[in-house]
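By letter and in written order, the chains are A, B, C, D, E and F; residue numbering begins at 1 in each of them.
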Amino acid sequence: MWKNQNLAWRRRVLRSLGRAAVLFAFALGVHGAEAAGAPRDASLEERVTDLEALMNHTAPAAVHRASRVSVNAGDHAWLLTSAALVLMMTGPGLALFYGGLVRSKNVLSTMMHSLFLMALMSVLWILYGYSVAFGEGNRFFGDPGQHFLLRGVGAAPNLDYAGTVPHQSFMLFQLMFAIITPALISGAFAERMKFSAMVLFILLWATVVYFPMAHMVWGKGGLFNWVLGGAIPALDFAGGTVVHVSSGVSALVCCLVLGKRLGHPSTPMPPHNVVYSLVGAGLLWIGWFGFNAGSALNAGALASAAFAATHFATAAAALAWAGLEWILKGKPSALGLASGMVAGLVAITPAAGFVTPAVGLLIGLLAGAACYFAVTKLKAAFGYDDSLDAFGVHGLGGTLGALLTGIFADPEVNPALASTWKAHGATVSLAGGFGQFLHQLKAVAFAWALAMAATYLILKAIDALIGLRVSEEDETLGLDLSQHGEGAYNT
Amino acid sequence: MKKIEAIIKPFKLGEVREALLDLGAVGMTMSEVKGFGRQKGHTEIYRGSEYTVDFLPKMKIEVVVGDAVASKAVDLIIKAARTGKIGDGKVFVSHIEEAVRIRTDERGEKAV
Amino acid sequence: MWKNQNLAWRRRVLRSLGRAAVLFAFALGVHGAEAAGAPRDASLEERVTDLEALMNHTAPAAVHRASRVSVNAGDHAWLLTSAALVLMMTGPGLALFYGGLVRSKNVLSTMMHSLFLMALMSVLWILYGYSVAFGEGNRFFGDPGQHFLLRGVGAAPNLDYAGTVPHQSFMLFQLMFAIITPALISGAFAERMKFSAMVLFILLWATVVYFPMAHMVWGKGGLFNWVLGGAIPALDFAGGTVVHVSSGVSALVCCLVLGKRLGHPSTPMPPHNVVYSLVGAGLLWIGWFGFNAGSALNAGALASAAFAATHFATAAAALAWAGLEWILKGKPSALGLASGMVAGLVAITPAAGFVTPAVGLLIGLLAGAACYFAVTKLKAAFGYDDSLDAFGVHGLGGTLGALLTGIFADPEVNPALASTWKAHGATVSLAGGFGQFLHQLKAVAFAWALAMAATYLILKAIDALIGLRVSEEDETLGLDLSQHGEGAYNT
Amino acid sequence: MWKNQNLAWRRRVLRSLGRAAVLFAFALGVHGAEAAGAPRDASLEERVTDLEALMNHTAPAAVHRASRVSVNAGDHAWLLTSAALVLMMTGPGLALFYGGLVRSKNVLSTMMHSLFLMALMSVLWILYGYSVAFGEGNRFFGDPGQHFLLRGVGAAPNLDYAGTVPHQSFMLFQLMFAIITPALISGAFAERMKFSAMVLFILLWATVVYFPMAHMVWGKGGLFNWVLGGAIPALDFAGGTVVHVSSGVSALVCCLVLGKRLGHPSTPMPPHNVVYSLVGAGLLWIGWFGFNAGSALNAGALASAAFAATHFATAAAALAWAGLEWILKGKPSALGLASGMVAGLVAITPAAGFVTPAVGLLIGLLAGAACYFAVTKLKAAFGYDDSLDAFGVHGLGGTLGALLTGIFADPEVNPALASTWKAHGATVSLAGGFGQFLHQLKAVAFAWALAMAATYLILKAIDALIGLRVSEEDETLGLDLSQHGEGAYNT
Amino acid sequence: MKKIEAIIKPFKLGEVREALLDLGAVGMTMSEVKGFGRQKGHTEIYRGSEYTVDFLPKMKIEVVVGDAVASKAVDLIIKAARTGKIGDGKVFVSHIEEAVRIRTDERGEKAV
Amino acid sequence: MKKIEAIIKPFKLGEVREALLDLGAVGMTMSEVKGFGRQKGHTEIYRGSEYTVDFLPKMKIEVVVGDAVASKAVDLIIKAARTGKIGDGKVFVSHIEEAVRIRTDERGEKAV
């Protein structure tokens, strides 16, 4: 009785809030539909077995019978912590890392790329992004309306994705990835893209590149999903193809389509505040523990392994980059060290939960060296103006990591590798080797192709529609003033 | 000797420096200043309070040259610094009575 | 035998430390009095039921019988993490957010407001603050001496407040709230208040406003406590009235009593470093997950719901503020985006554990818009100089959030709403609606009244005693030099 | 079959990577050798007892029988979070704290000291550092080859060190301590040491001071280990002797051997950016919760106690330092407050898990005052140039804390104190008192002696080999440009 | 033409600018400087080491004007910048031989 | 009166100040500038792009003194600022027509 009145009241309030409210009221009405049935009796032994399962980070067998406990608080604590860490990577982490690298007249606009996306991507996510990425659908994307306003995403774990934590927390954790990925691209078009064009670009890019890629690699039934029935099982622990290849390759297209910054390369454009970039790099390293070890989706041994591989790869890549500078240029630079860190973090991302710390170290060394040469030689050779090296670090580092994952994936680190392999027959080997290398290659190639084609088309469309670049005058004045009407530093 | 002070748009610094080097100048001193002039400033907004910034960032170049080359130097600077748009800046010339190179104690035109 | 010698030795050492030591020795002596009796036998079934209870974030029934396990490590991990996150909100979060907004000659004094309170409030807390807030007492405040030097606050959970984590950790978590609340006020009197007056003001304000408000809303038997017997059950999940209304309204009184900064409003006083403020805002967003999701006091489904509502409200409010700027001023600013974030975080605070993500989004939209107009129009209309908009954002945002909580609170998100509601009879509805709206209104009105009256009286008293404002000369010179004898930036 | 092919393939790839690969292949081959035997049957009661044990943060008795669950996810979540927090202390925490204190021409080189060590120490750790510190060996150091490339450090808990989390996570947590300790020293030689000499120095110092000290105090069978059979049981909860005495005393030797900075003390060298230092101090405070409360190695009551003691000590020390400035100099400074925080954090480190919050407060007060006088009077009296007061704060604060731990350690806070005490007979008392004070004194004296002797010899050797100091010209130009070829700030 | 250099207290900048605008000046250039003079500096303390900062933040305004208005300009500046307290600053006047507007190449008084 | 402008190496500021004080100067004004000269700049590298920084940080000291002491002042400054290494800087002397102390309206040599 009262409840109905209550709902009616709420509806009255909402109606007065205009058209948008219709959507909300709908969502409010359907919320929580997934309530579980009343628990049936379970024997004491079953109950103990259920507890043991949960403490081993597996959904209790009891879930379809009479689940008394469904969330492992330790797993959940780690997942929530990780979600916070991953968001911290974008703001303030990436915002500072990128913001320090540009000239002082563009620092706010560059940070805005990251900070605005924290808001924008969250809204896309709740509207259709999560549905496209993790809803049920075909092998390319999920049903865009399935989780509209997050209906059906509640307290109960989603057994397909993360059996011991609330589905809602899994959704939140994944959102943080959807936020940082497009923000990474912004390194390529910093200091010259119109803010309105940036917003439109990311909106479309997320819709046709990120959400589908996430579905293909991590979504149930996705083309490249290695545990939930993908035709081409590709290993991507925390986002080598989904996050780094997709963003890094799109970044390359961005700087090619937008063209160079005024004055590049004749005028030097050194970072206006390297301290910011070092702080940003530090926060990225810390936050990346949430990114990679959080991708275990529980606080078990796999999280530990991913944490370790991440850490040693990062250390090794930092030493590789700074060491090469030392050898080749005579001095190791702080920015070089920080760049190496990021390169290592990128390359270990797809591999983190599949390889030993020693292999992590090796991947880091290779990534540090490869990205160093990409940024110093390749960019110079081809002459594109990748302002903050989004392609050199994320595109190439991600590609390298994704391919090496195929070679070094180790069932002793991640036992799921062994079992899945058998399920797929002898020709499919997930535990490293040439077979898996080919799967990785296909997934990477697909990600390259999708990112290049989609980015190119979207940019061309936006250019025709509203223009991509700010005017020469605005670029000279700086984007902070011309796009946002504010200056970062005043006395 | 003459002191030439040129107030220019910051991004023109490189070109003006090149022009002076071409002339044979071996030294100059530069500082960041803020200029007020016909070029109107811009509006900034912070949390709803809007205000006009009248003083725009400019670069001041000071170069002391021998009397002989002063007018040539002025012309070169003007050419290098001009965009034709309002706010291009000014050049002022004044007399310098003595110049000394600290390192060597050389005086006069030898010192500049 | 030896133990007595040991105590004697300790006392000897302590005595030599002067009069203060007496208090300490007393505290040392009584510490740990709450040791549990020896466990009595429990059946295997009871033991399993106890484990299940604990894993479901409830204190085991066994606690009065033979508790073998009393802490859920997962809940505890999340609570400790949250406590750290909430402290991070104050230092460096708020310190940077506020520090960036002032002129460079006042940045240290502004950061000092936050950092000094991290120390000061902690000492008040251990002396009497925690006792007043969470001790047993009347409906307005707890017994100030009950937990002197934290006696009686030990390893065993406090079943009234948080049944699956050590009482001590609950106390720590709550302390972090007591730290940030007064620090929020400092935005109103920045750039002109004497440091000594600030210290005295906060000391008194915390004593007569914060600790009592916390008791009334969250303390056992408090007037507005909705689960532990309050006469007017008001919902305040993580501090809408306790934290934001109380601080924001007090902020308004502060700027009215102190008067404008020299030169305001004719001289523009733009932020000296917007980058700092953006970093601060990012850290506030991250830290607020600890604030709101940590307020679930465990790592269960409620933490997940609070996390989600918080996140989407923040994103929506940021878009609302920046969007309004874009529409009305032609350009969205980075500082506007950041201000919107904070507005959303504030408004969702009381609602976080009671509403769905979709409602969170709605609350965020409303808060972003409301605070935008408060800061741009209201302040201009009334002409007070709220240096950093503590009232416009915290006072109004908090009020809005507290009232909306009454409307949108949803028992499907927080089942406790339904059960408590029944316990209070049909006239009392906690699950949203007009009845609850009235309760919220009363609590908010009470908080407004208390904050206004107390702040006014305290300020007047201090003004008479030692003066509130620095001299004109000191204000012109800057508070960093005049109050703290140091400058922030040197070459 | 396939597995062999797979290994062969991996080896083929690796071989082509040159000589280094031999080491890696070896490590890869032996990885995971510690696989447990198949579980034998356990009764239901045993299984419940095992779960209870694990939830009480103790390894299940079952581990040698038929362990079904071996990791407490809550404990693990807290340990991983703590590891991330401790790394954050170094980068960006310490990097910012120290970076702000130097002149702008040396900020990158100073931050580089911290950031480079994040990479360097990690590599030493995986090669031999962890083995020397925590491997089995004699009372002074562990077998350097035991855990080469982390073999034998896997998912299973190490029952000697941390029974409810993966051994690998324990190793990671300890690594973060090995990173920050040498970074602390850098405060003493900032602004004048050659980068190459710094690298060499730390490499040797870690090898002969840090890893052995960690073994002696925390390693199984170490000379000063109080729970695993040390001859002189010294209490050092989170690193009073291991971290702060060792680094602080070495810092003193460094500034004596290197000599003063050019211009010291006639030219004032004020911090170039106090804001950075305040942010750094804030991050240190937050991160230190991981350092100290994480050192409980689980999320039980001890973590709570350590968290509380840490927090109140820090608050008290900050007030003590700023208060002394206020009284003696007329003004409390922001940098003074921050310095006090660090002093408190340092002094409470050895005591954190052994003392009550009230004693924490007391230790903080003493530490704040002691370090204040060390930095203002002692340094001036002796005239050494400890650029950033690494000795005054860490050397003295650590010594004070380590000694006070002996006096105030309380079995009611840490029950292990009582039990161990009995095991050693009546003459050995771990629970505070004169007996334990003597043990502490011995350990501290040993740490002083080792740090002084080793640091002196290493520095002299490096000086002879490659020289310790940069040239006068380079020092005048600044280390950022002369050592790293980059400037921090550009326009 | 004359160059007037005024070293003033920073918070007086607005008033001095207004005064010059009232006079009809259309351009001026400003820079942040540090001044040493009778006004004694302040003491700062960093971790116990106390030291005196003698150089205080000042603002330097440079404006080139025609000979006719120079003395009027000086008076106006002085009036606007005065607080009567020590440290108010100085005004220096010197001769400028040539002035050029970069944008148009106008020379002399037309250019200022 | 004469204006002496000395462009010196930043770390020599203290000594130059002392020298001027010894002479009896009671005021001076200083600013941070960047100098280009024979002293070659240094190379910086950011992510592989190497470039030369030609403008080096210098300190400019301006002091207006009576005609009588001008040459003495120049000598003292030179002595104090010299390291003998390239890049020591320059001293320029020019004529000042009028000086005013804002606070008191004192004019001429009394004002400096």
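Rule of thumb we're sticking to: a contact is a pair of C-beta atoms (placed from the backbone, for glycine too) under 8 Å apart; a residue touches a chain by one contact, two chains touch by 3 or more.
Only a predicted model underlies this, so the values are computations on that prediction, with no experimental measurement involved.
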Chain pair with the higher count of C-beta pairs in contact (A-C, A-B): A-C
Distance between chain centroids, defined by C-alpha means - chain A, chain E (Å): 54
CA centroid of chain A to CA centroid of chain D, Å: 32
Chain B and chain F: spacing of chain centres that average the CA atoms, whole Å: 18
Multi-chain contact sites of chain B, meaning residues that touch two or more partners: 31-32, 44-46, 94-95
Residues within chain A bordering two or more other chains: 44, 48, 51, 72-75, 77-78, 81, 270-271, 273, 299, 329, 331, 333, 335, 485-487, 491
Chains touching one another, given as label pairs in label order: A-B, A-C, A-D, A-F, B-C, B-E, B-F, C-D, C-E, D-E, D-F, E-F
In the complex with chain C, residue positions of chain B that touch it: 44-51
Of all residues in chain D, those that touch chain E in their complex: 265, 268, 270-271, 325, 329, 331, 333, 335-336, 339, 372, 375-377, 379-380, 389
Complex interface listing, chain F residues touching chain D: 11, 14, 42-46, 53
Of all residues in chain D, those that touch chain A in their complex: 2-3, 5-6, 9-10, 13-14, 17, 21, 24, 27-28, 31-32, 44, 47-48, 51, 54, 68-69, 71-78, 80-81, 83-84, 87-88, 91-92, 95-96, 99, 107-109, 111-112, 115-116, 118-120, 122-123, 126, 149-150, 154-155, 165-166, 168-169, 171-172, 175, 195, 273, 276, 299, 480, 483-491
Sites on chain B touched by chain F in the complex: 3, 17, 26-31, 64, 94-103, 105, 111-112
